[in-house]
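Note that chain A is present in both complexes that follow, paired respectively with chain B and with chain C.
And now, the complex of A and B:
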């Protein structure tokens, strides 16, 4: 057994990882059963930052990611939009990444148009689109939107969009929400928006790679943070707990559906993060096992060399 | 052919045949769209220069005499129509197929179906690198690079150069050509970045490439200035302020908050120990050496946390690719019930609710 592990081809590890991720996806996909989530204080802070705002508040949602990070970030992007829409906040979507507007469009199609058809483009939400310049964009729009955003992503002039007439800069926003996959993202928003203008409040969701680098900003510069898919799952648990009746599947009479435990059966598109925690659990167990095996082999080898 | 290669080729061929059979027999991998008719009429008064297009069948159209006619009877110069294709699901298609038959606005989209298959095959091509480098991986890699470069160029032109440069310098032309509602007056200050941009492109010319250094110097200087201020404010001064926290914390009732105190103490000790480790003007011996050693421990914990988060992130990315393959391509799972007709979903929901109530 020792010799087997010592000379194990890395491709067997790839295969094990494939099974560790694939099998839970298939099981969860077939049964619909997921693991319970216990939200941490950071996820609660994000939830309350949106929940405690009065109805109709102005929220800037900057979706600074692309399809490469969709697995981690689209669940939180979906929930941010749902939460803001459920609270009837006015949503100003924008992006510092070129593919960001498509991510915004996906969210608008899947969440706002399907579940909030009463919301009107231009009055309740607007997609301002992408501008190049990374932190330069933040630096400009923190004092004047129209210097860069002359139109929205559809080409409608800024001045003719009703909800845009109420804001002149980022400082007019009641909350900044950032979904970040790297540069430019949460760090730049903290550096060029929140730190120089401390009256601004910001929460963010980010990839796992970024999360440890952003913790030092909490809580003074960043009110709350959703770290990777775990943070997304916790936030989903909080939003579904609060708005479960609205997010649940409907029976023939249009009533929200409940399971054996009396819990609402939430529609699949709002439990993406929670579903992905199943493969996470099994894959992490495999990782831990491999690290232990690797260390045992290392120490046994070192001991053998010492004897020689 | 080596025996190992032959076995793997056979396995891959068998897998490909299975996938193909799944696609042909079950229709797996199909994508659906909804046809939405877009009909607009020009309700501008006779003699008005500017057209006034409104949507036929909208609330605004109720007040217009022109819109009381059937759309086809309106003079062709006063109407325009096209069909917009919106993303739809198989469940919606099946639901409407049962009730509307030939008038079903939902249909299979050939182009989007090809898109799903290309995405799935390219995912597999990229995964194939885990076995070993191969031409299929190279094709997928080169395609991603090429498409990304082209996409960035197109986005940069239409989202930045057209509205933010041409639209500022010559709004009249852009109004006619690209953005009809543009109302801003010309702002000739934007000629400065235009000139700098042209100077930057001069690098491509064999003679006079030094001209490109001037705008480059401008870019480097301004970027350095902006970033310096950002880091000093957000990552230096603010971080010092964030570390000035009470070691003995009190809760809202005025009592001793043990966990908050412990957390604050760890933050302060961690910061100080980490700083001592990076302070090389004093030899790391005695108390300084032990503190530096503690600093290393804190750094190791940080690296461990970063590694853990990275692993979590990568597994999440892997999971969504597999979800795409199993759900959108192979139709093995359907967690969002998008391929089930509405009546089946509601029947299942009713049954489950009844069981839950029972």
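And now, the complex of A and C:
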């Protein structure tokens, strides 16, 4: 056994990692059960930043990520849109990444159009799309939207969109929500929007590698932060706890379904983060096991060399 | 002249942006400079595309190792560019039905949407997903407790790996309330909020000071390395 691990081909590690992720996905998919989530203070801060705003507040949602990090960020992006829609906030979607508009389209299609058909484009939500310039875009729209955004993504002039008539710059927003996979993203929004204009309130969701770099901005410049899938799962737990009846699957009579424990059976798209915590748990345990085995081999070999 | 004019533009742009921060009167100047930046950033895409073509055409022409990948790159680039810019297969929008190009290039079912949905999206997602395999392999081979620093790093990694999952709750869930600070999920938060934040703030302040001094050198024309090694 020792010799096997000492000369372990990396393809075995790849296979173990594949199984560590695939098996929990299949089990969770088949049983519908996963691990519970206990929201941390940061997730609660994000939740309350949206929840405590009065109905009809103006929320700017900047989706600065691409399909590479969609697995990590789309659950929180979905939940941000759902939470804002459920609270009847007005949503201004935009993107600093070239394929960000596709991320926005997916969210609008899967969340707003399917579960909030009563919301009207232009009055309740608008997709402003992508503009090139990264932090340069923030620097301009922080004082004047129309310098860059003369139309929305559909080509409708800014002045003819009802909800756009009420805002002239980012400073008119009641809350900034950023979903970020790197540059340009949360750090740039903090540096060029929130820091020079401290009255602005911002919350964000980011990838795991970004989170440690954003902690220094909490809580003054960044009111709350969702770090990777764990953050998304915590936020999902909070939103589903609050809006479970609305998010639940429906039975034949249209009533929300409940499980044996009396909990609402939430639709899959709103529990993506929680469900992905299962594979993450097993993958993390595998990583720890591999590190321990690697170190055991290292110390045994070192002792052998010492004897020689 | 080739160096003097860019130096002049850099200095003007930089000092205008600095002045815009400190005075309300000059704030609008900074906004104009920022718009110029955005226009230049858009034009940079053309430069980037041209550069990509130049590099890969040269590889194909020289038949350097892996030139076939360059062929794939150029075909993919040109196909996406032509389909996207030409809005091929896109129907006019409902608002402006008389204008052939008024539809969105991202129209569902269109060729550009197809490229994004069935080529770009799965390919980039796959690349990112492969990280898990390489990280696991690297952790097994390289993460060794060789000295005190490595032991501290290893210990922190274990706490974070466990604390970011339900395993953390399960392992230390039995601790009484007065020891809740030692629960793994809470230790994880403490590490991130205290140790990580302290270290990151120190690094950020150092970087900021470095950027300030380097920027001044560039604006004053002392550091001209960004202009390349061309003739005057």
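In the analysis below, the second predicted complex is superposed on the first by the 308 of 308 C-alpha atoms of A that agree within 3 Å, B and C clash if a C-alpha of one lies under 4 Å from a C-alpha of the other, contacts with A are read in each partner's own complex, and residues count from 1 in each chain.
Rule of thumb we're sticking to: a residue touches a chain if its C-beta (ideal position, glycine included) is under 8 Å from a C-beta of that chain, and two chains touch if they have at least 3 such contacts.
Quick caveat, the model's predicted, so the values are computed rather than measured.
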{"item": "Touched partner set for A:8, first chain B, second chain C, both or neither", "value": "second"}
{"item": "Contacts of A:54 with chain B and chain C, given as first, second, both or neither", "value": "neither"}
{"item": "Touching partner for A:306 - first (chain B), second (chain C), both, neither", "value": "neither"}
{"item": "Partner chain in contact with A:117 - chain B first, chain C second, else both or neither", "value": "neither"}
{"item": "Which partner, chain B or chain C, touches more chain A residues", "value": "B"}
{"item": "Touched partner set for A:211, first chain B, second chain C, both or neither", "value": "both"}
{"item": "Contacts of A:32 with chain B and chain C, given as first, second, both or neither", "value": "first"}
{"item": "Chain B versus chain C as contact partner of A:285, first or second or both or neither", "value": "second"}
{"item": "Touched partner set for A:136, first chain B, second chain C, both or neither", "value": "both"}
{"item": "Common interface positions of chain A, toward chain B and toward chain C", "value": "14, 17-18, 21, 68-71, 99, 131-132, 136, 139, 148, 153, 155-156, 196, 211-213, 216, 228, 230, 280, 283-284, 287"}
{"item": "Partner chain B, residues of chain A touching it in the complex", "value": "11, 14, 17-18, 21-22, 25-26, 28-30, 32, 68-72, 74, 98-99, 109, 129-132, 135-136, 139, 148, 150-151, 153, 155-157, 159-160, 188, 190-192, 194-196, 207-209, 211-213, 216-217, 220-221, 227-230, 249-253, 255, 257-262, 265, 267-269, 271, 275-276, 279-280, 283-284, 287"}
{"item": "Touching residues (chain side chain A, partner chain C) in the complex", "value": "8, 10, 13-14, 16-18, 21, 35-38, 40-41, 66-71, 99, 101-102, 105, 131-134, 136-137, 139-140, 143-144, 147-148, 153-156, 196, 211-213, 215-216, 218, 228, 230, 277, 280-281, 283-288, 290-291, 293-295, 298"}
{"item": "Footprint of chain A on chain C - complex, ascending", "value": "21, 27, 30-31, 34-35, 37-38, 41-42, 44-45, 93, 95-96, 102, 104, 106, 116, 120-122, 124-125, 127-129, 132-133, 135-137, 139-141, 143-145, 154, 157-158, 161-162, 164-167, 169, 185, 189, 192-193, 196-197, 200-201, 204"}
{"item": "List of chain B residues in touch with chain A within their complex", "value": "86-87, 130-131, 151-152, 155-156, 159-160, 163-164, 167-168, 178-184, 226-227, 230-231, 233-235, 238-239, 241-242, 302, 305-306, 308-323, 326-327, 332-338, 345-347, 349-350, 352-353, 355-357"}
